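Look for subunit A in each of the two complexes below; its partner is subunit B in the first and subunit C in the second.
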Partner chain A sequence: MPTPKPNSAALPLAELIAQATGTSVLHCYQCGRCAAGCPQNQPGAMEISPTRVMRLLQLEAAFADDPARANEFARRALQSPTPWLCLGCQACTTRCPQGVDIAGAMDVLREQALQRDLAAKDRRSGDIRTFHQQFLAKALRRGRIEELPLILRYKLVRGHWRQDAALGPAMLRRGKLKLKNSHSADTRQVLKAIDDSRRSPRGGP
Partner chain B sequence: MTALGYYPGCSLSGAAREYDLSLRAVAARLETELREIPDWVCCGATSAHAIDHNAAFCLAADALLKAHRAGLQQVLAPCAMCFSRLATATQELRRNSSLARQVALSLGGEAPRLAQVQAINLLTWLEGFPAGVLEKHVVRPLKGLKVACYYGCLLLRPPRVTGAVQVEAPRKMEAIVARLGAQAVRWSMATECCGAGFSLTDKTVVLRQGRRIYGAARAAGADLMVLACPMCHSNLDMRQSEFAAGEAPLPVLYLTQLIGLAWGLSREELGLRGHFVPVEPEFSAALARG
Partner chain C sequence: MSKIGVFICHCGENIGKTVDCPAVAAAARRIPGVAYAVDYRYTCSEPGQAQIRAAIKQYSLTGLIVGACSPRMHERTFRKVAAAAGLNPYLCEIANLREQCSWVHADRSAATAKAIAIIRSAVARVQCNTPLLPIHVPLTRRALVIGGGIAGIQAALDIADGGVEVILLERASSLGGHMAQLSETFPTLDCSQCILTPRMVEAASHPKIRLETYSELERVDGYVGNFQVTIRRKARYVDWSKCTGCGTCWQKCPQKKIAAEFEEGLGRRTAISIPSPQAVPNKPVIDRANCLKFKTGKCGICQKLCPTQAVNFEQKDEFFTEAVGTIVVATGFQTLGKEYFELYAGGDHPDVITGLQFERLASASGPTGGEIRRPSDGQEPRTVVFVQCAGSREPATGRAYCSKICCMYTAKHAMLYRHKVHGGRAFVLCMDVRTPGKGYDEFYRRAVEQDGVNYLRSRAARIYPENGQLVVEAADTLNGGERLELRADLVVLASAAIPQSDVRTLAQKLGIGYDADGWLSEAHPKLRPVETNTAGIFLAGAAQGPKDIPDTVGQASAAAAKVLGLLSNQDLQRDPIVARVRRMPPPEYSTCLGCFACAAACPYQAIEKEEIKDRHGEWIKTIARVNAGLCQGCGTCVSVCRSKSIDLDGFTDDQMCSALEALGG
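The block that comes next holds the complex of A and B.
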């Protein structure tokens, strides 16, 4: 999993988001448009809306001279299940009148939550997190994803054996799953590039 | 024959085989040679960018570099997710961020050169054919067939990455469907998210979104739905028996499959047997009604 980037924990999240996305959460004026169109901003899903997450990030930056308070706001954003529940649908980023890449900010929040060991502990967030980690690890190891081994490994680790038990055979019959790993691609070049990219801090936009 | 770079991605070699089959069948008739990027690596899909920005960028940049080395300036990525990842990487290369410069160097290329490789999605590729080209192959005009064109998220959003002009009320797929003689319905859910990769991790989201999308397509009088994304297809086809149990089946086709049907291609060539919601007899019945 990601090795920490030098000093990333010392920078405010707003700064890390600016580096990753080239846009600033400080431009958000809290209009609520991102939350209004978010498919996951509803009862039973997100408790903290994307708009409120943007506010927490602004507050962290605003309290730069009071590290304890700043840290508290950052933690609330990082520990929230919201980034894990985000589908990455890009509706928010597309519609923000202030040009904020909210979906890109959610990416940074997940990554930072993992690096700082603050990721939301609830079962659902954990399921989603495990899936992402297993998927990425597999992509980097084999260079190709095949559904069946990925699904089985996820179920093994998270214990969801009974859910969708009938789907496997139905997918096999339709040729949608293969029993053997038959595809792979050489990932040495890409692994080296990732390794190199971690050695120096990410530069500005 | 025109040569076009081809990045099939993992889905089209697995669960979305029928998309690959039908695309190849359509491309052959359009005299397009799909040149697969040599030794392409998975784009990382949602999961890479969800937790690791550097890995996500490197995976996509690797594909762009391999395309560049193979002399392919345009790469068709039929999966909306792969398309989004490759196009996002191109944006980062254009932005020339220090990550982009460094990774390009490490991969043995230069950022501005890699940024010249352009990923295109299915709609962009198809709309590039002048009037008459798609039409001339039609042997079974889809007259009277009512089609809900479903875009989902990543073919369109964010426009900075996709280059889409009409993002909220797109008409590109509708235009292609009209060229086959079918009638695209106007409906409200064309750009709503299907629940994406949550099928395994939080199925309730996929069922909720699928239900809303299915309901809107039905209410608009659609006979079937077309789309261009393996993830959307799996959520709306495979899960349909759960979110619309006991209700009228709504076949969900890849756009390439609908084109193939209008062109009279065989069911085998189009991989129609791989669907959970059967395409026949619904398709023929709807044509007869029309």
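The block that comes next holds the complex of A and C.
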């Protein structure tokens, strides 16, 4: 779990995204290119498109002097499954004509959703969020991911014992799942790098 | 017996491939009245032309037919050839064997038969041709520019710099028009006054420009090159030849609470006043409706205090007539008043203002000295909502068009507001943001990205006052059309640009067209954008349609170029293809009955009334007469004439009927 930044809840999300990514969602001119190219934005699959998420963030900033209304727009962005469905493929960021780091914004939204306890509660988002949290927890503790314990922890939390179970033997055969724990050569150095990046002005993981 | 020469051109293979040209020439030779016929590969080439010249002389030809391409291509060429050989050029006709025969047919024998028929028809026509002489129309090397806004100023300056004398007519007392009212101009934010006033002064001091402000066009007679314009110089009640513009009168006038037109009603003026301190000429006029002297007979303070005795309550409107060769119409536009928008706080709320009013609020020379203060209580507005497309793009209320300038000036307004009121919030309600122009989209994005202007995508449904604020019912279609109520301290309507209210009267005086909305019509939307359908009258600026300053100035310079081009001739020479009312000897004089159906049909106002009188001056009858200077030879009058009294030279009934009969035979 990333450590919460001080007072970050008081700042509009647009501001937090600007701090984290160096780009402003206020620059979005709603062309829709991110929504058009998002591989997760399949018919019926995404309630709120990335373009609409950008708009909600703009509206939060626009109504900054009306906190009730601004919070409502922020809440809808944070509660939407969209940040959790985001694969981080960066297609949107790469293509955005205004140079907005949309995928980076999704990172901030995930982080803030967890921090404010607003993350989407639907089953699919919950699965992804759990995986996300377990992955980060492991990586931040040991500087390295081991597939089998990660899968086991995920299944433990979500209870999906049979999900993807059939893939297990094949993955084992091909050496994709290692039964023996492996450690990073120098865990301390990896953890330091993560810590450094978190302290940098562009923000951490 | 006529002696007609026929020249059949192969046009390389264009005609020769499909039409048997030697056979056509041979057939032509057998047509009665044809003295000579020959075919040639390229008749338009120099040897081809030499052949024609030689034949005209050798056979003393009385008519010439060139069977070749379209007359649009080479009629002029071959008529020149005829003239060079001493034959009246209007005795030369083109028989179109290319566009109307070889290019549209495949069967050689049928095409050849059709070509022969076309030649036969042309021979019959040419036998009826009569020699015609070009019409020379004298020219007055002088121009009238109507309207003293930026369009009129620019046109007048360009024409005057070309060495032609200009009368610059303006109905307000000062030059400047709307541009003088603006605060800053997009997309550079340079001050409007700073760039305009030097031009106003330049126009006023130019030796070739005669300024006629506080004057209006009364009537127009004549035609291209020879207009007589009657101008009404409205009574100013101040003798401008004595007035020095010292300002004593307007400082001392007791009537100080009159809503100032120049300030769009946000400021006050006196009964004797100048519109702004930058007025050119800087001389006042008395507003008769508000002057105490005129209302009660008592006062006359201005007259008593004037150091040069310039005030004259007895002054009357003056009328005078000037001769000019061309006219530039640069009468501009106006904007819809807020009273038009009943749904927007009843159309009379002090804190709902128009874009032009906001210009005055933002202007350093305006009623608030450039501070943004709302009219109701003078407070600085913390939230301003700008409503775009107010009255534009709304066919249901009569205007389908886009006013073109509002997107940009709204971005500018919102930007100026954010610069002037720190921490103030600016919302813009828009359908689209249209920014075609150099540096325009960048300007709009700057308003959003740097100056934090919030754009919401919807029209304002309704605006109503509540607790000292205005509630604006809006939505954001970019967020699924979700309804948003905005609480504003000030609402600025980007109200539609509309034509001047009296533009139709003016257009009728000038005999130029206007569209259903009232914008003056150009002769061709793309290729003749500054000409009107009336020769010698040109358009500049927003009178033709909503336009920003760069477009206006560009069109004004274009109109000036057209004026200078026209006036660079010694006289106007025109093709004599004009309509003519048939005359006959007394006692009939003419079969014309004087019904003037032709006058109603003529698109060029070329039909005049002619009174036929006997030698004692007794009236006999009134018949129509065609003004050859105005007639464009369209033939509309010929077709509507019930008594068949009008004919079109070069296309007479005789010529057309003979040609058709020959085709049928």
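A few points about this structure:
Keep this in mind: the second predicted complex is superposed on the first by the 180 of 205 C-alpha atoms of A that agree within 3 Å, B and C clash if a C-alpha of one lies under 4 Å from a C-alpha of the other, contacts with A are read in each partner's own complex, and residues count from 1 in each chain.
By definition in this document, a residue touches a chain if its C-beta (ideal position, glycine included) is under 8 Å from a C-beta of that chain, and two chains touch if they have at least 3 such contacts.
A quick note: this is a predicted structure, and the numbers were derived from the prediction, not measured.
When the two structures are aligned on the shared chain, A:S197 is found in touch with subunit B, with no touch to subunit C. If you count the residues of subunit A touched by subunit B and by subunit C, you find the higher number for B.
Shared-chain residue A:Q40: touches subunit B; no touch with subunit C. Shared-chain residue A:G168: touches no atom of subunit B or subunit C. Of the two partner chains placed by superposition, only subunit C is touched by A:D65; subunit B is not. Of the two partner chains placed around the shared chain by superposition, subunit B is the only one that A:H132 touches, whereas subunit C remains out of contact.
In the superposition on chain A, contact is made by A:S24 with subunit C only, not with subunit B. When both complexes are overlaid on chain A, the residue A:P149 reaches neither subunit B nor subunit C.
With both structures placed on the common chain, the touch criterion links A:L56 to subunit C but leaves subunit B unconnected. Only residues 10, 13-17, 39-42, 44-55, 57-59, 61-62, 95, 97-99, 101-103, 105-107, 153-154, 156-159, 167, 191-193, 195-198, 200-205, 209, 238, 273-276 of subunit B touch subunit A when the two sit together in their complex. Residues 383, 425, 427, 445, 448-449, 452, 454, 456-457, 476, 478-480 of subunit C are the ones touching subunit A in the complex. Residues of subunit A touching subunit B in their complex: 1-2, 5, 19-20, 22, 39-40, 44-45, 85, 87-91, 93-94, 101, 103, 107-108, 110-111, 114, 124, 127-129, 131-133, 135-136, 139-140, 143-147, 151, 154, 163-164, 167, 170-171, 174-178, 183, 185-187, 189-190, 192-194, 196-198, 200, 202-205. Subunit A meets subunit C in the complex at residues 24, 26-27, 29-30, 52, 55-56, 58-59, 61-62, 65.
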